[in-house]
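Below is a structure I'd like to ask you about.
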Amino acid sequence: MDEEKEKSKEQEKKPTSEEAPSPEKPKKQPKVWAKPGAPAAGPARPGVGGAGESKPPAAAQASPAPPKPAASAPPRKSPVETPTYLDISQDPLVSRIQEKFPGAVLAAQSFLGQKILTVDPLVVLPLCDFLKHDPECNFDLLEDVTAVDFPERDKRFVVVYQLCSIRRNVQVRLKCNIAENDKVASVTSVWSVANWLEREVYDMFGIIFLGHPDLRRILLPEDWVGHPLRKDYDVHKQDEDWIQRHLQIRK
Amino acid sequence: MNILVNYVVIPLVKIVVIVAILSGGIAYLTLMERKVIARLQHRLGPMRVGWHGILQPIADGLKFIIKEDIIPIKADRFVFTIAPGISLVPAFIVFSVIPFGPPDSLWGTGGYVTDVNIALLFAVAVSSVGVLGVILGGWASNSKYPLLGALRSSAQMVSYEVAMGFGIIGVLLVANSLSLVEIVEKQRSMGVWFFFVQPIAFLIYYFCGMAETNRLPFDLPEAETELVGGFHTEYSGFRFSLFFIAEYANMITVSSLAVTLFFGGWLRPFSSVAALSFLDIIPPPLWFVIKVLIFLYIFIWVRGTLPRFRFDQLMRIGWKVFLPVAMANVMVTGAILLKFL
Amino acid sequence: MITTNHYLVLAAIVFTIGVIGVLTRRNILIIFMSIELILNSVNINLVAFSYLLKNVVGQVFAIFVITVAAAEAAIGLGIIIALFRNKETIQADEIDLLKW
Amino acid sequence: MEHDIFGAIDEKTVLDANQVVINMGPQHPSTHGVLRVKLTLDGERVIDTDCIIGYLHRGTEKIVENRPYAAGVPYFDRTDYVAAVSNNLGYVECVEKMLGVEVPPRVQYIRTMMTEFQRIASHLLWLGTHALDIGAMTVFLYAFREREEILKLFEALFGARLTIHAFRIGGLWQDLPVGFLDACRRFSDTIGEHINEYEGLLTNNRIWLERTRDIGVISAQDAIDLGLTGPVLRGSGVNYDVRKARPYSAYADFDFDIPLGVHGDTYDRYLVRIEEMRQSNRIIQQCITRMPTGPIRAKAPRVIKPPVGEYYHSVEGPKGELGYYIVSEGKTSPYRVRIRPPTFINLQALKKLVKGHLVADVVAIIGTLDIVLGEIDR
Amino acid sequence: MIDQIIFYTLAFIIVAMSLMVILARNAVRSALYLISALLGFAALYIRLQAELLAGVQILVYVGGIMVLFLFVIMLVSVRTMEHQARQTRQWKAAVVIALGVAAELIYLIVRGGSIFVTKQPPDALLTKSQNTQVVGEALYSTYLLPFEIASVLLLVAMIGAVVLAKKKI
């Protein structure tokens, strides 16, 4: 499926010039996508959503060859080669960080073309400061701070920082694994956008950010007990006595 | 005996007629406003009650009467009930001095209720009393926001009153008489309307008039998006409609004064040009009504298009733009009059 | 037949009411209003005599009285506000310290 | 404590209180939803603000973790209920990228066109409410008249007007109905002069200038530091638009400009959004002329089970950069879906923008941030 | 005959309202009564053919000063004022003295009444007399100096009020 790879490579090349880049690709001729004799046997039907969708009404503009719904063939693994985490420790950015902060980058991977650096939580603040102010990296926009909960791992939470450099139009994702009641330094001093983002992570996961100017819950009520986005917090669970105290409703 | 007739019966009859016409006018002014703004905004306006919404004012009137009339608990009941009246009555009193027709019309009794020789001073003085209604209304509702709103709107009205006064002096210098009847007479004899003689004075008078009646773009106190609500937030039912009527009455008052002072009250356009005598088929009072309607249309048109001033901009313009310009206008007019006459 | 006397008596009555107001009430604002009453009673006399003697001096002087009253009201109320901002009270007899 | 001329510390009269804390919202006509702002005032000037949000928090991210991938789409309609199409586009494209599915060009063109329609609709709603807050009533009616046309187009194609479940993972639900493109062409021919109408009413209006010029100024540096994106960032002159930075869907095929402000005040953001509407219209016209034919569904596996891994995909929503960070464990439902909410981050700038302004300006500044509480609270 | 009716009703209104001013419960009520008393005075001025003065009275007093009064009453009216004793301690003595003075005054006026009524004032009602013009001329000719002094006085009052009331100077 070289066509697939060639497609993603084109996506790779980022237009750098200011005004609309003349697309390298020649003006795409509308080409009929479904090549006749496509190898895949599986009927090309949209992923069936949870609610059993009735067969979509025949599209007004009948697509060239409505595929005959084959007998319910077992869903074979799609032929596309599954993307995996590739190791990119030779990447210039990674080497530059290693040089500045030896041992900081625990793992440097890329998934589907996006750089992911797993970093030691203790060095997060100085590293972020370096990434922002270093003319070479210049990651001046912190797009997002969030966390993911993996209860089965010993270092339970993964705090994710999504960075982007507007000038160089490059993105990188920093991840650091921290255990249940570990604390991680707050990056509000580097990017002030982190203020509310970290407050939401604290609200939803209970991760404490050291040095945060005003760490309190942002979406849930102040005195709510429990952190909803943790995996052990069931979907229907509520803070019973908060509700009893404030709303006097017995579940 | 004829004193009784001349000074009691006839004015009473005229007063009753004027009040009837005025309240009818106010009712249909609300309809006119909703229709004109609707037209501005590409929609139809009230269409449901009666043909094309003709009976809408009556429906509104009934609604206000039926609506429950709440008085806040710790509010000062007496002042709470008096306040709408205080702001409504002056608007009606001013009409006692406004001439609708020539002195010899209406079987010789004169097209006006009375002709007081300080008519204009009396009109301005009485319209300044209207401010009290707003203040008392805000204070009596016994809550912080209407009080703030009342202080703001009264500060606005008081400061624009000063500028309006100077605007009127410009006209006085030319007409050198306070009686409105004589002012119209002067315009007829001079053959030109004072609008062309005193354009700046007119602009100042009209804009201050807008500010006096708390109309957009000066309607900050009632702006619903403001934190500080209007002075009549605590009012409901019939009392609220009194404030509502007071605002429209003030609008008509300002328009009719503007017409009398600057556009030759009941004179037909180019009154001195004999060739246009065919215009005389329309009786003078109708000319007056047509001109007032034009001014009311402008009021509504401005409300439809312009955004709202912020309170400090509003006050700055009142004191730092209108007042100096008005004073300059008075000086210039005085100088010219002194030099040529 | 209404003669000047009637006006003088009326003025005297209003004057006394004003004086009583000034002397008896504790609230400074009421005292202020009583002073306004006194000034107005004076005005009545002026105008009554101007009407009696057929010249306009009384009315001119009445206008000056009104301007003085306006100036005095402005200053007085300014003082009251400044006072209230410091002493939190407008009771006449509670303001008895020269320097606080 | 400052001393007045009598040397006494400032006392409190009824109205002359030094610092007053006023609650604006959660029920207030100009907070565009359930937002409560605690304003600390010194007289009329705003000293400090504190936004209290969460009234509309529905736990979308938690619910989606227990639903199959395709079932998550309707939830993302309802986060930013004013720009449902771009929400769906972001999520659907992120999943397709993880699945390695490439949608046919016709789908890409339709998706781009509808996203641009949604941008115009969202900007029209912003313009209407923003002008209404500042007092110009008529613009509100005009803007909503055009927005109604767009909603009719949505209804024709997607079946609903606001929360429309626009796209499916791997393509579209149905192809364009007959005559749809002509309707789009009719609309995009007339929207041009309608926008001139709005500009005629507002752009050179003395009072509008007075209420918006130099109100809520933010420098380019502070804007980036506060993580602002979208028209709010471009109002300060920073040229960052995801459609140009990381072209997705079919944006690489069209030429359009990115309007930039200069002073970073409310007036410049107003100009930027008005110009953006015109640029979106340009894209739509190019879409209509070059609409390719072809299937409207890619070969996607019947049961959507993206491989183990994670992906962050962001699109340029009307309010700013809308990102989706999906972590998948290879099961049928996503392990974690994180939405990067542009309005949530833009609202954080309110504290800095409002300081030192008057109460009446708070209304204008909240309007210029173009916030939607559904997305802020998620 | 009408003249009597007019005068006595106006007089009654004025006296009643002034009494209410000093007896009212809270400041706003007494302000209201004062306003009606002032309007009564204005009516009397018209009766005495001082139309300009009546206009000025309404414009300056009711439209200006009373608005100022109400502003200040609202600014300083703290609820605690209500239930405190309204009269000063020695109010009885004050009333007695005041009434004594009043009795004396009225006695003098009534006894000396004949001096004032020199001749029958013409019963000219609201004619078109040029009251305003006459007052105007007097103001600008014989009384020019007091007029200028009054304007300076007003200026000083304005500056004083601003300095006193403004918080941060």
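For this structure, a couple of remarks:
The chains carry the letters A, B, C, D and E, assigned in the order they are written, with residues numbered from 1 in each.
Convention: a contact is a pair of C-beta atoms (placed from the backbone, for glycine too) under 8 Å apart; a residue touches a chain by one contact, two chains touch by 3 or more.
All values derive from a computational prediction rather than experimental measurement.
Farthest from chain B in terms of Cα centroid separation is A. Compared with chain C, the chain whose C-alpha mean position is the greatest distance off is A. Averaged Cα coordinates give chain C a centre that lies 7 Å from the centre of chain E.
Between chain C and chain D, the centres computed from C-alpha atoms are 64 Å apart.
Between the Cα centres of chain B and chain C there is a gap of 33 Å. Chain D has its Cα centroid 45 Å from the Cα centroid of chain B.
Across the assembly, chain D contributes 4-5, 10, 13-16 as residues in contact with two or more other chains. Shared interface positions of chain B, defined as residues touching 2 or more other chains, are 147, 151. Contact of a single residue of chain A with at least two other chains is seen at no position. Interface of chain B with chain E (complex): residues 3, 76, 78-79, 82, 116-118, 121-122, 124-126, 128-129, 131-132, 135-136, 138-140, 147, 150-151, 154, 158, 161, 178. Those residues of chain C lying in contact with chain E across their complex are 1-10, 12-21, 23-27, 29-30, 32-34, 36-37, 40, 43-44, 47-48, 50-52, 54, 56-57, 59-60, 62-64, 66-75, 77-82, 84-85, 88, 90-93.
Those residues of chain D that touch chain A in the complex are listed here as 53-54, 57, 59, 61-63, 66-71, 73, 97-102, 104-106, 168-171, 173-178, 224-227, 229, 238-240, 244-247, 252-257, 292-304, 307, 309-312, 314, 321, 323, 325, 327, 335-336, 338, 340, 344-345, 348, 377-378. Residue ranges of chain E in contact with chain C, taken from their complex: 3-4, 7, 11, 14-15, 18-19, 21-22, 24, 27, 30-31, 34, 37-38, 41, 44-45, 48-50, 52-53, 56-57, 60-61, 64-65, 68-69, 71-73, 75-76, 78, 81, 84-89, 91, 94-95, 97-99, 101-102, 105-106, 109-110, 113, 116-118, 121, 131, 134-135, 138-139, 143, 146, 150, 153-154, 156-158, 160-165, 167. Contacts from chain E toward chain B in the complex involve residues 2, 26, 28-29, 32, 35, 51-52, 54-56, 58-59, 62-64, 66-67, 70-71, 73-74, 126, 128-132.
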